[in-house]
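Before anything else, here's the structure in question.
Letters A, B, C and D name the chains as they come in the text, with residue numbers starting at 1 for each one.
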Amino acid sequence: MSLFVFGAFMLLQENLQHFLTGLGDQIRINAYLEKGLGTSDVQSLGVRIKTFPEVERARHISQEQAWLDFSAALGAQSSLLDGLPRDALPSSFEILLKPAYRDGPVVEDLANRLKKEKGITAVEYPQEWIDRLSLVVLAVQWTKWFLGGVLFMAAFFIAGSTVKLAILARKDEIEIMQLVGASEELIQAPFVLEGMIQGIAAGAVSVVGLWSLFRFLDRQVASSVGLFGASAQLQFLDLKSIALLLAIGWLLGAAGSLFALRRFVRTWKS
Amino acid sequence: MSLFVFGAFMLLQENLQHFLTGLGDQIRINAYLEKGLGTSDVQSLGVRIKTFPEVERARHISQEQAWLDFSAALGAQSSLLDGLPRDALPSSFEILLKPAYRDGPVVEDLANRLKKEKGITAVEYPQEWIDRLSLVVLAVQWTKWFLGGVLFMAAFFIAGSTVKLAILARKDEIEIMQLVGASEELIQAPFVLEGMIQGIAAGAVSVVGLWSLFRFLDRQVASSVGLFGASAQLQFLDLKSIALLLAIGWLLGAAGSLFALRRFVRTWKS
Amino acid sequence: MIQLFHVTKTYPPKSQALTDVHLEIGKGEFVFLAGPSGAGKTTLLKLLFREEEPTEGRILIDGKNITRLNSRGIARLRREIGLVFQEFKLLPRLSALENVALAAEVVGMPRRESQTKAYQLLREIGLRDRYDAKPLTLSGGEQQRVAIARALVNDPLIVLADEPTGNLDAEAADETMRLFLKIRENGTTILIASHDLELIKRYGSRVIALRQGRVADDLHRVQQEGSVG
Amino acid sequence: MIQLFHVTKTYPPKSQALTDVHLEIGKGEFVFLAGPSGAGKTTLLKLLFREEEPTEGRILIDGKNITRLNSRGIARLRREIGLVFQEFKLLPRLSALENVALAAEVVGMPRRESQTKAYQLLREIGLRDRYDAKPLTLSGGEQQRVAIARALVNDPLIVLADEPTGNLDAEAADETMRLFLKIRENGTTILIASHDLELIKRYGSRVIALRQGRVADDLHRVQQEGSVG
């Protein structure tokens, strides 16, 4: 039960992370090129750009393409462009950054360095969008920690009281074992063992529960159009997380039982 | 404790709601006007638009203003506009919808009706953005229910085992009270009373805890620039929610105790 | 006062503790329930305060059938009965005095009065010095006497006592018996399960001997005969 | 075997249960601990199996000082001692047989052997039919006999029994005593707290009388004198 809560948190975390990455993909730097640059020049510039460590991908957008994109963006007012020549817009590179570098100052720095490249006339990046994104990241981060804290407390509390109930129910047993001279190890063994088994079982149940919940949600989401593309795809926990969940269950079960037992035996007579 | 979890959920819910509203504010319909419309015509059209039930606010954007906005939006490429006359762009109304109507089909319907108004040449609205938004709303909704479910289960479990512990600790007392002929009410009264008091106390502690947590988070957020404007302002629970939290604590405490007690007494001898 | 008609008690699955017991005990009688270990003494007492229901037969107390009672009725019945258990059943968190007083408060006696009464009883039974002690800090015999005091605090119509002197030395047992006899003068019926033959010989006005769940013997001693109701 | 030097036990805050007790009990002795309720009998036994520590004085068992033991040492000590408690202390979820066998398994006896031994003991003590019953379904006397069997299953060096016959009829008490005597033949020291004067008169080879926490009397009966070690 307590692990279920924990697992739910991990699932959420995973998906939020994924969602953020999806958002981050929309941070793109546009580097506009000089007019009349030859194809080979464009290609070598593309290669050059890709050597920057921050760059994930760079896509060349021809003048043609730029024109089409722009008029699509203008929508109803595309008639505005009727008077302009087709090559009014410069060709450009659309640069996608690696996740780690999607941060205001880094982007600015990169933009400055790109500006110095031969063949590039201007560099544009969505300053406002980047700032917003970092705020969203921050908010999500905080929400995550906040929720995580609450859930962790809840999980801990639940685990604690489960163990307490188990011990209270077997108080007499412990006392009598002590009176007939059983060693401490012998008294503790069944509790620790039970704790371990219960911990793993709880972990397994949680994983299964989460999985079915996940399937349900996934289907719900899939049925509403996936406009976010890949980023709207829900992610389930990977194998490592599942193993971690089970391990935590195992440890928490064993350690919790032992800890509670010792404390309990100590305060026995009070 | 269990109420703390619950309160945390409510706090989260409140802020998500607020955040969504903030996002929804960015759904705007642009209604472009015929060129050469007189000031009084524009004004009466503005009044007319405001009579639509879906409309929250409508702002007139003059040709001048449209030009400025557009060139700002073009950024580095604003030179593109140099060859165009200043009045190339039409004036328009920027229409903000009421929250309840910020939905794809509704917006489309409204756009069609607006188009039929005299003086309006074209209506534009961010189709993609609306679809995205509804997906985000959906995702948030689901996350909320998912988390809410998990938290609620956790809260219920915690409350249950707290009561169980309390009863187990006083099992003998109940049994002896029964044996000396105490009436059921007399036996239950202290438990129910204790449950009530604990419930309210837990509620109060939760509110205080949430409040201090909130203050902390709020300060953290405030220190990073508020680019989202009003929507980045965190909201604390209002008085009604606090009262609700306390009432839930009270009820849960009383009912939980009574319920557990009755079940416990019934399965006494097994 | 107490009437049992053909009472049989079988514990599931098949342990027959009482078989066809037929008894009448009158108001104010002082009865010993004798018999070897496992004869059914405790079971018989449990039937009388409705801890158990008889498998067959009827039990009347004061003319009322107690085999058909809801929980409210059981509570009312028990308020008329003073109980002393083989295992004492004292509340470990209350002092001796509070344990005794509790039983009185439960039936509605005001706090002060119940405390005074409890203190008086504890004094009579030889616990003047230890009335403020918690049960776990009392010796076995002391606990037993607290349990006896609790059974008597409400001036019950019936006292059911299970081995009330099992943990008492001869002197304390005598004191306890004298207390029972005094209570009896108010018309209280007293039923004591015991195998202390010495005690039975000295105090028993009537001895019902159980053997393997049957009434083997029902001896009225003439010189102390109570009025049979 | 058992030696107490000037042992005083004061329960906080100020209840003096034992005062300056000086005793020597030899190997294989059969000793009754007599005295009225509250005299300190149970307290003395509790000191011997280290449920309590003496406030003053030293206690040696087999020459070893048991006042300074860690939890491991206490466990080792208790494995040499068979205990019968005033309140039985049986595990409600185990059957009578399992309760007895458990004590043997705890010290490392294989399961089969411990069960056989437990069954044999229960038979000797008159519980042949009820060995499979849970303690709560046993009568008081039956529970007491299970507790006695548990104390004897490990062939302990010392048996400490607190009112082992308080809930037994005369016949069952006799059987129990005979069992104790038989165990004693292997050299087991037996110390029984009781106020059943009848029983003490019949079986006691040595009677230590406590009164208000002091040894008031220490009577060796010559005809049954055990070898004092």
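Structural remarks
Simple rule for what comes next: contacts are C-beta pairs under 8 Å (C-beta built on N, C-alpha and C of every residue); 3 or more make two chains touch, one makes a residue touch a chain.
This one's a predicted model, so the numbers in the text were calculated from it and none came from an experiment.
With chains reduced to the mean position of their C-alpha atoms, the one farthest from subunit A is C.
With centres taken as mean Cα positions, subunit C sits 70 Å from subunit A. Mean C-alpha position of subunit A lies 23 Å from that of subunit B. Subunit A and subunit D have Cα centroids lying 66 Å from one another. Taken chain by chain, the contacts form a single closed ring in which each chain touches exactly two others. Every pair of chains that touch is listed here: A-B, A-D, B-C, C-D.
Interface residues of subunit D, counted against subunit C in their complex, comprise 11, 15, 35-39, 41-42, 86-87, 130, 133, 137-142, 145, 162-163, 166-172, 195, 197-198.
Note for the complex: subunit D touches subunit A at residues 49, 51, 71-72, 74-81, 83, 85, 89-93, 102-103, 106-107, 150. Taken in their complex, subunit B has these residues touching subunit C: 172-173, 175-184, 186. Within the complex formed with subunit A, the subunit B residues making contact are 1, 4-5, 8, 12, 19, 32, 75-77, 80, 83-84, 88-90, 122-124, 128, 131-132, 134-135, 138-139, 142-143, 146-147, 150-151, 153-155, 157-158, 161-162, 164-165, 168-169, 213, 217, 220-221, 224-225, 227-228, 232.
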